Structure formats: structure tokens, C-alpha cells
Amino acid sequence: GGGGGGISAQTGAGGASTEVKQQLADTLVFANWPAYIDKKGSSRPTLEKFTAETGVNVKYIQEVNDNEEWFGKYQAQLSQGQDVDRDIVVLTDWMAARMIRLGYVQKKDKSAIPNEANLVEALQNPAWDPNRDYSLPWQSGLTGIGYNPKFTGGPVTSVEQLLTDSKLKGKVTCLTEMPDTMGLVMQAQGADPTKVEPAAFDSAIDMLQQAVDSGQIRRFTGNDYLQDFPAGSTWAAMTWSGDVAQLQSDTPGLEWVIPDDGGMIWTDNMLIPTGGDVFTASTYMNFVYDPKVAAEIEAWVNYICPVEGAKEELAKIDPSLAKNPQIFPDEETLAQVKLFDAEAADNTDLKEKFQAVIGV
Amino acid sequence: MAVEERVEPSATSGGEASAPDVRLESVTKRFDEVVAVDELTLEVPHGRFFALLGPSGCGKTTTLRMIGGFEEPTEGTIYLGDRDVTGLPPYKRDVNTVFQSYALFPHLTIFENVAFGLRRRGIKGENLRKQAIRILELVQLSGMERRKPRQLSGGQQQRVALARALVNSPRVLLLDEPLGALDLKLRKEMQLFIKALQQDLGITFIHVTHDQEEAMTMADSIAVMSDGHIEQLGSPDDLYERPSTPFVARFLGVSNLLEGVSNGDGSVRLDDGTVVRAPGAQGRQGPVAVGIRPEKIRIGRTDENALSGEVKERAYIGVSTQYIVSTPQGPISVYVQNSEAGAAAVHPGDQVTLSWSPDSTFVVDSEKARSE
Amino acid sequence: MTTAAERLPARRTSGLLVRALRFVRHHLLTVYAMLAFAYLLLPIAVVIVFSFNNPAGKFNIVWQGFTFDNWLHPFNSPDVQQAVTVSVQIAALSSVIATALGTFIALALVRYRFRGNGATNLLIFLPMATPEIVLGASLLTLFLNNPLGVLPPLGFGTVLIAHIMFCISYVVVTVKARLVGFDRHLEEAAMDLGANEVTTFLRVTLPLIAPAILAGALLSFALSVDDFVITYLNSGSVVTFPLYVWGAARTEISPAINVIGSAIFFIAIAIMLVNVLWQWRRQPKGAV
Amino acid sequence: MIFLHRHRWATPYLLLLPGMAFLAVFFLVPTYYLANTSLQSGDLFSGYVFSWAWENYTDAVTRYQAQFLRSLQYAGLATLLAFLISYPLVYWIAFRGGRWKNLLLLFIIAPFFVTYLIRTLAWQTLLGDEGFVVQTLQTLHLLAEDGRLLATSTAVVAGITYNFLPFMALPIYVSLEQIDQRLIEAAEDLYASRVMAFLRVTFPLSLPGVFAGTLLTFIPAAGDFINAQLLGTPHQSMIGNVIQSKFKVIADYPEAAALSFVLMSAILVVVLVYARVLGSERLTG
Amino acid sequence: MAVEERVEPSATSGGEASAPDVRLESVTKRFDEVVAVDELTLEVPHGRFFALLGPSGCGKTTTLRMIGGFEEPTEGTIYLGDRDVTGLPPYKRDVNTVFQSYALFPHLTIFENVAFGLRRRGIKGENLRKQAIRILELVQLSGMERRKPRQLSGGQQQRVALARALVNSPRVLLLDEPLGALDLKLRKEMQLFIKALQQDLGITFIHVTHDQEEAMTMADSIAVMSDGHIEQLGSPDDLYERPSTPFVARFLGVSNLLEGVSNGDGSVRLDDGTVVRAPGAQGRQGPVAVGIRPEKIRIGRTDENALSGEVKERAYIGVSTQYIVSTPQGPISVYVQNSEAGAAAVHPGDQVTLSWSPDSTFVVDSEKARSE
């Protein structure tokens, strides 16, 4: 800013302003979370297929470890309307909402994405992007409880148990993503995480704080709980559904459940940041919304696929996966999970309260 | 390289003996508040072995460094031959320096150390090799070319430093306490060596030292410095036999100074009433000090001037025996050369009479009068 | 005197007790030193040992079995390779630049008396006395504000600038320490022998302070390759090796990380070892 | 050349210019911006503007007292431990190392050559609940059956100590190395036993190194957040974690900047008190 | 503290003069391959000013360090008084050392430096203060108590080192080249000062030096060392007038050694045929060298023994003038004391006859015979 500096997040120059040119760029830069796309040896088959079909090379960067962290990294440039050299980035609902609100993203070229029709109905109209003008889901996931029966001696099925069972003391981790952790805790208290009431939030914070103070909770993690399980440091934890397969390979016998009082569901969305090539990005979005491609990705990623028809395609590749409720949740499963209030997820007050509990 | 710019090619430096090789004209050097050199004027004629002698801190090094170009005078002018070099950097001056700690380049071989100056003047190949080898022969270091300085002894390093400077045939060679780091035995040897070298080459040497014996052994002319100025300048025996100030009398060897009053006719009445003859007092009136060297005093009344006293201390130092005799005029040092084995000797407690020839005395200003 | 006492066997009963006590005392210190070394080297040993692990899953945390594969294919993911390349590039560039700038400053500080000496020393000291997070944060605010619009966007350029900035002070300190013992008369001797300022610097000063400069450069390189905090704050979209480790560690700790960590360690140790041996050769036992 | 000679007074400034200009632009100017930022108010969405918002400072001090105290406490403890571990070690190297000194010294700086994060992760492995350190301690009953090392303050302090130990060891080594052996002989000659000679001569003479070492250890330790994050729990979070999270997670830049300044001042105060206690005159002697 | 264990309380050290203060019995010290001290046996009686003199590397420092307890002998026994102290650490020995570079504690004030030894022996308060102040007065440093060592000049630091050792009233004071770092003038002053101090206190001093003049001025007894053993031990004039080996003759002052053959009747036929009388050759047969000191030679035929030659060099050094005269027997040094101002002098090129008294000669083994 003028007069001696300061950083501000003034609305960027993005938005829907410019005409979209209908021409593919040479390269597509795709920023995604680690281990979030199909992989075979050191190659990534669907990306190669995209290149083969369109001639566009893909530069795939696994740099999103954390929504906030990624945002923090690029916020400055985005706020100045600078190109961050990313054509697509995948961010979770509430962060996607923030990006859109701040004008750091560009509208998709819907004309280039006929396959958007395959988007599952439940995800078509989020409050923060009612027409999906800017975003398109990449994967959804469930937040539940993972536990290692070898140590716990029995199932851990409720958040209550997780936070109070003295047998688990010091062997429990929760998530640093506030919507996940708070969503689970609020449900354990019978509150509704889809519409956060401050009082309910505070009471959940109290419960969490107690568990921290008593030493029940060892620490808060991103998906680094992945290493705490095999190391034996963590016995039970709040974890994401897609990691179960992963966890099971490193920690045989590991179990994953949706808590008795209800789990959380969330979606990670593809966005086109300021400066990204809209047409190329949209072309890629269209590509992954082809059920065949989606199934191929799904077979590796194991999260919830937002593409209608992928289940059928996947059945052709791996029938057992297609039946997995964590990948294609049935009605019953979906009834047990809730979506966290997107506005609350980005509310500074609430965030600070949560940060205070996790110690920073 | 700088070869064309050098003040005067060394080839001609032996030519005209008219202009002095080095001339300082009221040169003053101030460091912040300290006046290191104070309006010093000095001429060093060609071919001279010139010593700057003085106590620590009197400005000897500073004077030398100004001639070498390492310090710039605050005021005054410096000439080499008849050219004003006051503002010129060291590499444009036709002088070379032998530093106290030698300052040999530790990363270069002896040969390369010696060749350094030659290379800077564009001398190359066989020519360079010949000159370097020749000078190393001169300082008796043939065969050491490939060694590094730290592989040589102190005395050898000293000679490399000399060779490195001399190979450039400078107009003047400056030496700043070149023997200070050597032990007694080696120092004596190198004194003779350097003296002989200077006589062979005929180059002007300016030698800084605080060791009066060294200065007296080596130099043709000595300038005794004190507090940034020259107290007295002359040949060694001039200075020793006829010091003109108490400072010089004391600094060059040991002097017995007897306070008294001169009446102008060549005799001085000492403070205790004794009258001694001192030809040097002729024409001087008022308080003076009569000086007499310890080795010029005899034990026993054999000469005109005499004083009595009691032997206090006796020290045998081989060549001579040194006595301190307490007299009404204060303690007096007497040296007796041990010319005969077991020569008859006096002992502490003995009463003796000391005597000396009037011709052996000198007269300087009274220190008492000065300080009062 | 310790040497004499240690080498000699106890010769005399009168001193036996004294000697025994002394021996125990030496022994205690030695044992302590060995334990301290163990403490220092244990984690490194873990890193090296686990570089030969053959983990079942993605996490190289529990020992499973021995394999050389990790060393044969250290760059099994292109990301690792790129991160290492970026790290090395930045370290090389920043150490060269910081060493040049730092050496000049050290020369000025040791060689010349000038006004502003105190302020200069202070400005050298301050970056070292500032916690990294603060350094990183303040640089970030600068880069974000980009006052005249001339600074590069967050990325390779800003990381490079940041690294040069925090390395300069260390170079100055390292080079200065060795320059203090440098005999000024050597330079005067060179000028006396007809070398002008530039020749003097190239022929005398530079060769003599080369070890100090090299030490400064190696230190900068090490600091730069290792830096996480400042880089993390100012990296924008570039990924250095530490940043890669940071990100990767959440989802996967591959033995490749250990392999590269160990490799950096071995290379550094080898360089230092060569340096130590070189100094031994330069100062043979008997030389003074 | 003549120009250089004539303007010798300018040489130091010419030498200083590039480096100092660099430091001025990339150290002093950023510090100014940080100061400026610390007095801004607003929020991420509407933007932060400069407004003499001193409340950022009061906020920082009151809300994060615990973390500040913890940082100083951990850093102090780690500094003390690093001193206790490294002093005898470098003493041993300096006085018993003989010809191998330089080689042994290499072992001390060895940790530097394994990337900071990797060696901290190695600590995680070492101290893991099922790792051999914990198991051993439990077998020896030095640690309760359900006790752990990882995710405790012990682990955090141990990690910090480990990571900054070379900063402590090297300056002490340098000052010990410089001690004239004859001074120790002189002390023994004057009836000081080995212990007394150490206490009265060796140790006082190594104080400049100890001083430098403690500063070089304490300062980075106080600002560290990696160890707390990887080896600790929320109970161990330090001010570095808060600053980090304010910058990168909450994007509350003014508060983060204010915290940074408070941290710097806190360190400055500690350092000054320490210098005063130790007596700056003794240090130069 | 170590006070009860001390070998002998210093109070009694002045008591019995019977046992020598220091006794070394065939002490050998080996460093790896180097034999620094070789079966050395030595007694230093109480109250003596004893000098160990020898060239660099002859083992002087090593001998001193073994007495002080800083090195342990490889073989042999060391006694202080009649107590075997061979294995004792320094702090249990009743000796103190003045180190070459003083080894003053830089972090302590002068007072604390001096008080160091007293404090270690448990002396406190007023008693401590008094002793320290008294010794500082003795070395003329009153008023400097609060300074740090670096704030003193070299000579003052030297005196602090002395005070720090002497305040403990040791049985023996060891001094390792205590004056090596001082300049000539100051060195001379301190020589007298230390000598006087020793005489006042009556403590045994063992003084290591390689400066023969220093040893001669200060010591009562001198042991000349070479290659780890003692060449000759005696009083200064003993050693100077009657050196028993060519090494001692050369090391202590300058000697002219004339090679010849003795026929046992007190006369020696020199290699050029000249026969000189040398009472010392009485009873010796075969090749010998006749020694004569330069100051004992006269210019002119005034005595029984004579040689002719040509003056080669002349150096005026104030007190005396030194000549080198070339003779058939080789170059001969002659010193003439300048007892008279402008004394008649010979010059290079002059033919002269040199003569000396038979009583001034000494006889040592021929070096030629040895080396053949």
C-alpha cells in the first residue's frame, strides 16, 4: 500500500472481467495436494492421457499441504493481481469461498466444460458459489475416526470416547483443520455444524480444551497423522476417509469409522487463480469430468468421487472399490455426515478461538 | 607495468653524487593527537650507511615509512634524489624496504619471493631467473629457491628479505629493525653480513634500530632521535665522544654526568666543591654537566681530575669488570677491561680514588638547570 | 604436562593414588566427551541407517529390511530432484554473492579505520541477533509491499535475496576472524616491490585469505542449503529441498529423503576432511 | 591506480558499499516495513491500513504471555543444556585432542550437514513411543510404562538443544583454544589444583566464548517453531509457532509483526541483563 | 587446600644449609625420539643465584620444567631439599616459576595476580592484603594494584611476574628467560634489579638464559648446557678464564683458539711453527688449542707470546674498538678499550704485532683432533 506499506487483501483484479480466448496454452500448471492423483510408478497416467489428447503438457505440483498455508504463500501476489503461475489449484470449500470472495480467482469457461453435467447433484449449488461459476469439485471426503485395534484393544467409535477415554490418553490426535475437528466435536455435543451458533461452538471449544489440558490429545496434525500411526505414537485419531487405504498399508489392522454422533464431509474444489489460463484449465476440468478418467483417478485416490457415472466405470476396473461406501457413499453413509458452515469456517473470531486451543 | 613510471631507473642511481639520495624537508606526521614526527629535516648522501637510532616511540618507524611511501607526511616534502615524491605510492618510488618481521610472502617460494619485484617491472624468463639466482648467491642462499619461507630459519628468512629488496637495485634500502627478531649470536653475525653487503654494493642504507651498539657497529652516520626530532647527527665516535645533549650522552652508552658550574675558563666547580678540568667547558658560563665515560675512568690517582668514593658493586662480565663507586657527586660507573688474567681487583667496601684525563670529558647542559 | 602424565605408566607407589585419581578424572572427561559425541551423532546415524530401509508403506519410520535400492534411485520422484536442484542453485548463487560482499566488508573493517565503523559492525551483528522467523517475516513484508515495484515476485529471486542477506553477516564474521591475524606488512611489501593496489590484492592478499574466503563460502552454502524458516516465508511457489521435506513429511517419508540427507552429509564431511588433511600436509609435524 | 592511491580514504567505503547497501535494503528497510505493519489495523478482506494500532502490541503481550514465557524458558533451558553438554566436550577436544582436534571438531558441526528438518524428523523416529530410547528407559524404569518422550517438553527442549548445540560449542572452542597453556601451568605453579586452575583461570578466560555461544544459541532457540511443532504438543507451542501461524494461517499480519517486535525486544532485554550480570568488562579481558 | 601437603613449609627453608635446595640425579627426559635432557646430575645449594646457560634447544627449559613439576622425567629422581618430588604435581612443590612471557592472568588485576598463590593456600583478609602489598612495594609497583596486566609496560609486567612468584616465599624460584621479551635498556635494568632482589631475599634462584652476558652479570654459579648435558659448571670467572672445552670457550664470550701441539712442558708449537707459552698445557701431550680472549691481546710487542698479522676490520663500539687481525693462524679478534679520548688507533691495512701474557691463556682440546 501507499504511504509506507502494509499488506492488504484488496480485491484483486481477477473476476470475470476479461474475454476468454479459446486457445490452448502449451502447459497447464496444476497445484494439488500430495498423493491426490493417480500414479503408476513415477508416471501419472491420466495426466499423460490429457497431454496425448490435447498436446498440453501438465506441470503437476504437489504443493498444497494445508489450505491456509497455501493461501498465505500466494495471498500477497494475488492481492496485487499478480500472476501466481498456477492454472488450477485445489482448495477446500471454505478456502475456495474465501478465494472467490477476495476475487483471487477467474470464472471458468463453461462452454469448454460440457462434462460438468456429470457433477453429482448434491454438490451443484454451494452457498459460496451458487452456480459453480468459479469452482468445480475435485474430490470429496469424509472425516471420521481411525484407530489401531492393536493398541486400543477395542473399537473407538465416538468422539466422546476419543476425547475422554483414559486408556487412550496421550495417544490421540485431532486435525488442525478447524471445520473437521470442530465439526466432529460439535456433533458429539449434539450441535449442528452446518449452521454454527457461537454458543455451541464455544461449548465444543471447551470440550476440546479439556481434552488438550488433560493430555488426552497429543497434538493436532494435518495428514501427518499418517506417520504417527505406523510409529505407534498415535492409537486413535480424527482422520480423513481417503487415507484409510494408505493407513492400512503402513499400519495393518487399522480401522476407520464414522463417529456414532456423525462425521463430516467436505469437498476440495478446482479453481483458476488470477493469471491462470482459463480455457486450458477449463479444458482440463472437462477432461477429468469424463467418468472414465474420473474412475481411473478414483481407483488410486480412494476419496469420494463427485462425477456421476464414475462408479460404473470403476466397476469395470475394480469392482470391489466401486462397492466401497467410503468412495461411493450410500444414502445411509451420507445421512451420517454433515458439511461445515462455510462462513463460520472462515470467521476470524472462531478461528482464533480454535487456534488458541491448538496452542498458537 | 609500472616500469616506465618509476621515479628514476636504478641504473643511473649510482651516477651523480651531488644531490643527496634522500632529503626530508621539515616533515611532520601527526596521528590524530600524537605528533610522531615533528618538523624533521634530514639529508642522506649517496652511498651512506645511515642509522636512525632512538628509544621506542620516538618516530623512527614513522620516518622510514614516510620515505617508503606507506605513510603520507602531514606537512613537509620528501625528495628522492632531486625529485619530490611526497604524494607518490610506494610502487612508484625507487626505494625498497626490509621489514622488521620480514613480511615474506608465505604462499610463494623463496625464488618467487625474490622474483616478485622483478616480475612487477616486467622482467621475465632467463633474465629474471639469472638476476634472482645471482642475488640469492650473494646472500648465501643458493639451493633454497624452492623452499617456502616457513621452512627457513630466522637468519635465513632475514637474508631472503634482504635479497628480495636488493634484487631491485633500489636507490635506497630501508631497514626497519631488521635484526630485532634474531637472537644475540645471530644478530651479531647478520650485523657484519649486512655491513659488508652495503660496502660491496655501495647502495644507500637507512637502518632503524633502538640498539645503540648495533648502530655504532654498522653505520657511518647516526641520527639520534627523540620525540619526533633529531637530537644529534654525526659519526659514531662523534656521538660517543662528544654528545651534545644529556639525552645523547645517556642513550649512547653509559655516561657519568657530574653537575657543576662552569666559569668559562675550561674548569668546572662540581656541586661538592671539587674542581675538575674540562676543555669542553671553555667559553661556557653557568650550570653545566661534565660527562665522563666509565671506561675512561681509572681506579687510582693517575690523572688530573679525581674523585674519591667507596666501591658499592662489582660485576664481572668477562671482557670487563664493572664497578659502581659511590661518591659525593653520586654513584659513578667504572669499567675496567680484564686485560690480564686475574688482574688485581678492588672489592665492594674498598675506598678508592677515581681519576681521568680532562681530554676524555665532554660537557653538556646541566639537567638540573633544565628541569628547574 | 597432561601428555607426559598420560603417557607414563605409574612408576612410584607414593604417587599411585594421586595418579589413579588423576586417571579417573581424565577418564571421566573422556567418557563424557564420548557420550556427548554419541548424542550428536545418534540422530545422524538414524538418518543414515534408515536410508537403507525398505519400508512397506510410505513411511520410513519402522525398520523393515535392508536395501540398496534407495541409494540407486535417489530421485525416484521428479519433485525431489527439482527441489534438490533448486536448493543447490540457490546455495551456490547466494554463497558466491554473499562471500564476495562479505569479504569486501570484512576487508574494510579489518584494514581501514574509518568513520562509521561502529555502525557497520552493528548492522553486521543485527541480522545474526534476529530470530529467523522475524527476519523472514520482515523480508516478507518488504517483498509484499514491493516499494518501487522493482523487487521480484516471491519465488527464486526472493529466496536468493533472503539467503544472501542472512549469509553476509556470517561471511563477514568468518573472514574477519582470519583477517585479523593477517600481517599488513605483506601488502606493504608487495607495494614496496612495485605492485599497485590491484596487483597487490590479486597476488598477495587474495591467495593468503583464500582459506578464510573458502570457509566463509562453505558456511554460507551450508546455511543456505539448510535454511527452512526464512525460505518457507519467502519462497512463493519455488520449492527448496527443506521445503520439500516439510511438505512431503506429512504424507510420505520416503527413504529418498534420508538418502539425500545422508548424501549431503557425506559430501560435506568429505570436503571438510580434505580441508583438514590439506592443512595437515601444509603444516608437517616438525614445522614451526 | 593513482586515483585509488590518491583517494585512499574512499577505499573502505567502496569496499563496504555493495554489502552494506544490500543489508540496508534487505534488512533495515524490511524492519521498517515490519514496524509499519505492526501498527496497521483492519482485516484480511477489507485490507490492513496503517493506523498507529498500538493495541496490536498490548494484544500480543497479553494474549500470548504463556508462549512468550515458554519460549524464553525453553530457550534458556536449551542454552543451559547445550552449555553443559558442549563445554566439557570442547574442553576435551581443545586440551586432549592433539593432532585430531580439527577432525573431532568436524563431528561437532556434523549435525549442521544433515538438513535441519531431517535431523528433527530423526529425533521423532528416535523418541517415538515404540522407539528404542523410550523402550530402554522404560525397561530401566526411568520412564513410566505409559510415559513418553515424543510430544513432551523434554523432547522439544532436547530437540532445540540438539539443533543449536554447535552454535554454543564453536565459540567456546575458539576461546578455549586461544588460552595460553602457560597460564594454566602458572596457576598450578601457584598451588592451584587442577580443579582450582580450571575454576580460576581456564573458565574465566573462556567466558567470551561462553557469552558468544549462549547468545548464538539463545536467540535462534527463542524464535524457533520447528521443534515445538514436530516434537511437541499444543502445550509446548512457542512464540515462533504463534508468529508462524499468524503469518501463514490466520493471515493477521499486523499482529504477527507486533509479536515479532515483542519477541525481538524480549530477547534484547534478556541479552542485556545477561551481559550486565556477566560483566561486559570481563568479557573483553 | 594443598597447604598441609606442601613439601616443607617455607618458614624452615632458610634453616638447614646442609641439603642442597635442588638435586637432580641422572635425570633423563625423552620426547618421543628426542632426548631433551640426558642423564643430568646437578645440585643447587641454598641461597645461590644459579644460571642455566646454553644455546637454543639444549634442554634448559625442559630441565626447569621438570624441577617445577610441569614435566615428569623419563628416568631419574628430583629432590627439593631432601624430599623426593619426582611424581608430585606443581601445586605440591615448594617452588615457583617466572615464565618467559610472564603468563600473567589477563582477567585478574595486578593485586589478584599476586594474591593468587596466597589464596590457594588459604590465606585471607588483612593478612593476604598485607603480604601482597608488601611484595608489590618490593618490586616498586605500589599503586598499580587495580590495573590489569595489559595496562602495564613490559618491565612492569616482568616485575608483577616476579612478585607473584616471590610472594609465596618459595624454597626455590625458577626463572625461564625472564628478560627475553624486554628491550636492551630495560633488560640491563631488570638484571640489576633481580640480582639485588635475590641478594636481599636469600632465596635460591635458578635462572635459564641463552644470553651469556646476562648469566655472567647475575649468577654466582653457571651451568653451561649443551645437547642435554652439562658441559661445565662453575663461577662466572672460572668459566670465562678457564673454560674446559672449546664449546664453553666459544659460547661464553669470544675466544681466539690457536691449534697446535703441546709437548707437555707448558709450551705449545702452533701449526705455523710459532711457539707460545701456555701454563695450562703443562702435562698435556699432543694436539691442543690455546685460547686467548680478545681483550687480553695487546697491539704491539709488549709481552712474551706474540703473533704478527694485518688489520682487516675495525669497529668502533664506544666502550671499545674491535679489530679483526688476519694472521697465519687465522683471523684473530682484538678488543681495545677506549680508555683515552681519541686514543691512537691502528687502521685496516696496517701490519701489527699482537702479544699477550702466558697467564692469560687457557688450553682446551684441539677441535681439529676431535673432528678428525
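In order of appearance the chains are A, B, C, D and E, and numbering begins at 1 in each one.
Just so we're on the same page, contacts are C-beta pairs under 8 Å (C-beta built on N, C-alpha and C of every residue); 3 or more make two chains touch, one makes a residue touch a chain.
Just so it is clear, the structure is predicted and the values come from calculations on it, not from any experiment.
S.K.: How many hops, at fewest, get you from chain C to chain D via touching chains?
M.R.: 1
S.K.: D-E or A-D: which has the larger count of contacting C-beta pairs?
M.R.: Most contacts of the two pairs: A-D.
S.K.: Could you tell me the distance, in whole angstrom, between the mean C-alpha positions of chain B and chain E?
M.R.: 28
S.K.: Distance between chain A and chain D based on Cα centroids, please, to the nearest Å.
M.R.: Those two chain centres are 37 Å apart.
S.K.: Chain A to chain B: how many Å between their CA centres?
M.R.: 90
S.K.: What is the distance in Å between the mean C-alpha positions of chain C and chain E?
M.R.: 53
S.K.: Which positions in chain D touch two or more other chains at once?
M.R.: Residues 1, 5, 33, 36-37, 125, 128, 130, 185, 194, 244, 247-248, 253 of chain D touch two or more partner chains.
S.K.: Which chain C residues sit where two or more other chains touch them?
M.R.: Residue numbers touching two or more other chains: 1, 61-62, 140-141, 145, 147, 196-197, 246, 249, 253.
S.K.: Quick check: what residues of chain A touch more than one other chain, meaning two or more?
M.R.: 1, 5-7, 73, 227, 231
S.K.: Name, in rising order, each residue of chain A that touches chain D in their complex.
M.R.: My answer: residues 1, 3-10, 66, 68-69, 71-73, 75, 101-102, 169-171, 212, 215, 217-220, 227, 231-233, 348, 351-352, 355-360.
S.K.: Which bits of chain C are touching chain D when the two form their complex?
M.R.: 1-3, 22, 25-26, 29-30, 32-33, 36-37, 39-44, 46-47, 50, 61-62, 100-102, 104-105, 107-108, 111-112, 114, 120, 123-124, 126-135, 137-142, 145, 147, 161-162, 164-165, 168-169, 172, 196-198, 222, 225-229, 233, 241-242, 245-246, 249, 253, 257-258, 261-262, 264-265, 268-269, 272-273, 276, 279-280
S.K.: Under the stated contact criterion, what part of chain B meets chain C in this complex?
M.R.: 1-3, 6, 68-70, 89-91, 95-97, 99-101, 103-107, 116-117, 120-121, 150-151, 164-165, 168
S.K.: Hey, which residues of chain D end up touching chain E in the complex?
M.R.: 180, 182-183, 185-194, 196, 200-201, 204-205, 207, 282, 285
S.K.: Residue numbers of chain C touching chain B in their complex, please.
M.R.: My answer: residues 183, 185-186, 188-197, 199, 203-204, 207-208, 287-288.
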